[in-house]
Amino acid sequence: MTEEREKVLVIPCSGVGKVHGLLSREAAYLVVDELASDETQVVCLALLVKGDEETLATVRSRPCIAIDGCGKACAQKNIEIAGGEVAEALQVGRFLTRHRGARPGDGSALSDEGWAICREIAEDVVTAANRGRSGEGAS
Amino acid sequence: MASDMNKTTKVGIISCSGEELAVGTISRSAVRRVLEVLRPHDAVTLCLPLLLAGNEGERNFARTHPTITIDGCDKLCARFGTEKHGGPVACSLVVPEILGDRATSCSRSLRDWSQADEQAVAIVADRIAAEIDALMGTTTPRLSSTPTRRISEVET
Amino acid sequence: MPETTFMGVPRSRIPWAPTIDYQKCDFCMECDEFCPHRVFERRDGDVKLVVANPDNCVVFCRACAKTCGPDAISFPDKPSTVALIKKLRSEEDEG
Amino acid sequence: MSYLVLACTGLDKAEGSVAREVAIRLAEEAGAAIICPVALNRIPARYKKALAENRLVVVDGCATGCAGKLAAAAGAKPALRVLVSDVVKQAGSVLPPDLRLGPDALDLAREIADEIAARQAAAPGPQPAVAQKPGPVAFAPPADFVVVVHDKYEFRIPVTGFFFNANDIWVQVAGSRARVGISDYMQQRLTDITYVDPPEIGATIEQFDDICTVESTKAAFEVVSPVSGRVVLVNEALEDAPEAINEDPYDSWIAELELSAWEEDRTLLVDGPAYAAEVERKAAED
């Protein structure tokens, strides 16, 4: 139970229209399914929008990592509106800027290049999660 | 973006896109299928979290469009979230109600994507398209969904 | 299919396209990978890349030349291309 | 101190040596203050105050224009720019390639320095090289759109107030200023834009020069300028949020220019309705 409580929450944006949303979503799955399944868990952003009491309580009690697709920063803003602490806010757009010229795919499917960028995002999330768990949240 | 750019009123779609559950991925993918293939002219979507994080035009989305919500589970986040922060919901769909038993065997990540997921998306998308037609007052049968590509390929 | 035009001038009358200097080109194919308009085509043999569809080239775009490490791609002079287009347009106007 | 002189001092060409000599002469004989290009590159802050208070003369050796680019990077606009290689060409002479200047090259340097000194002596006022940031000019958002429908796509084109070139770039003019950006049609073809490489402030652009490059998840795209002029502002917001071009292409201007030949440029552009016809044709060809 203590271990469960320590899990860092990974909250990707729910972007539908662009490859950005798919990258953030799949990066979150890479983290919670593969790279750090014991240390992290994913939370539906929609539950925060709805104002689900149980989810609000969880978000307020644990470090959260927001993976946003674009500058609208829905994940980060919704965590903040819910009263949660954003330990780290990542933005997919920044990764794409870094990989200028990359062709990551579209909102429905990722290319090989897209999956490589996805993994890079996921690795940054894991690094942030480790920081979050050791209690030195980025502030 | 200037609202007068919307010359015709389109049906709005807001999906929960819930990240925790496979049915959330299905809801997201079904919306994309509707917008890309089935009813590109008749529908627009808004990411649910923008109802809280977005600008005024985005918050008003459900008041400016007859809106269909698609939810993955009975928490009905898309429906209740839209009603709470956006506006009235014209039609509320729930993926497991549409898919029945199929809903339990869907994949959450595209890494595990299968033909079954593709079919599930097609079924949900067809249903959304039918509701759009009902809201638009059209009965003419039009393009319906057949599973096509979903593998990593980029259009050029 | 009707002939494509650029600024009201038949595209085929505007000689804007890359020229490959084969003394410099090392056939790295960066330009071909970059250009979405299928201007270049790959070939077997010594000359592995040619400008196959010059009229597909976007007039005034020189982006492929920027990807070229050995600096083997050149384009027509821009001011004289503009002058030519102006001339062709006035001819068109005169009928 | 009467003015600042920034010379390229290029060490690999005789033209660079001449540029350096010109700067030294101006300092010795006309009281100009030298800006060291290496120091300006390394520690721009050192010259911030001087550039804000004085006029600037830039002397470049060759067309690479390193000194001019350094000045632009420091946000400085030269009152006068001299290109040694041009002076040589115009005189119909040839500069010996020696890096150490011979008598002919020294004569050339003296001539250039004298000419600059004379022109600066006649020049009015201090004209600081770094101007105050240009004030905002009113650019009204589009009032009405033509919508071109093709397949599932809808391309919006402002009916009035915007002009377009055949490379799908719009320009909006207010007084002597113009903003340029990417049309709705082109942003949809590019899909999600991930990077805007902005032009340099101070850069002089001619009509149909490429003003900058834009990257999307599908392609790279050269923004071909619809107008001639000098870049006075870039839309810095696009650096962090290039996707704004996708969201509102006619509000997401890329650069603002001080126009130099609008009446002439205009003749090679089309208005909204004409561009709409063009988009219809292009969409059908795709």
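Some observations on this one:
Labels for the chains are A, B, C and D, by order of writing; each one numbers its residues from 1.
One rule holds for everything that comes next: a contact is a pair of C-beta atoms (placed from the backbone, for glycine too) under 8 Å apart; a residue touches a chain by one contact, two chains touch by 3 or more.
Small disclaimer: the values here were computed from a predicted structure and weren't measured.
Note on interfaces A-B and A-D: more C-beta pairs are in contact across A-B. Per-chain CA centroids place subunit A at a distance of 44 Å from subunit C.
Subunit A and subunit B have Cα centroids lying 22 Å from one another.
Mean C-alpha positions place subunit A and subunit D at a centre distance of 40 Å. Each of residues 36, 154-156 in subunit B touches at least two other chains.
Listed for subunit A are residues 103, 105-106, each touching two or more other chains. Shared contact sites, meaning residues of subunit C that touch two or more other chains, fall at 36.
All chain pairs that touch, listed by label, are A-B, A-D, B-D, C-D. Subunit A meets subunit B in the complex at residues 11-17, 21-22, 25-26, 28-30, 33, 42-52, 72-75, 77-78, 81, 103, 105-112, 114-115. Subunit C makes touch with subunit D in their complex at residues 1, 4, 6-7, 34, 36, 58-63, 66, 78-79, 82, 85-86. Interface residues of subunit B, counted against subunit D in their complex, comprise 1-2, 4-5, 7, 36, 40-41, 154-156. If you check the complex, the residues on subunit D that touch subunit B are 141-142, 144-145, 147, 149, 151-153, 156, 218, 247-248, 251. Of all the residues in subunit D, the ones that touch subunit C in their complex are 165-167, 206-210, 213, 218-222, 224, 268, 285.
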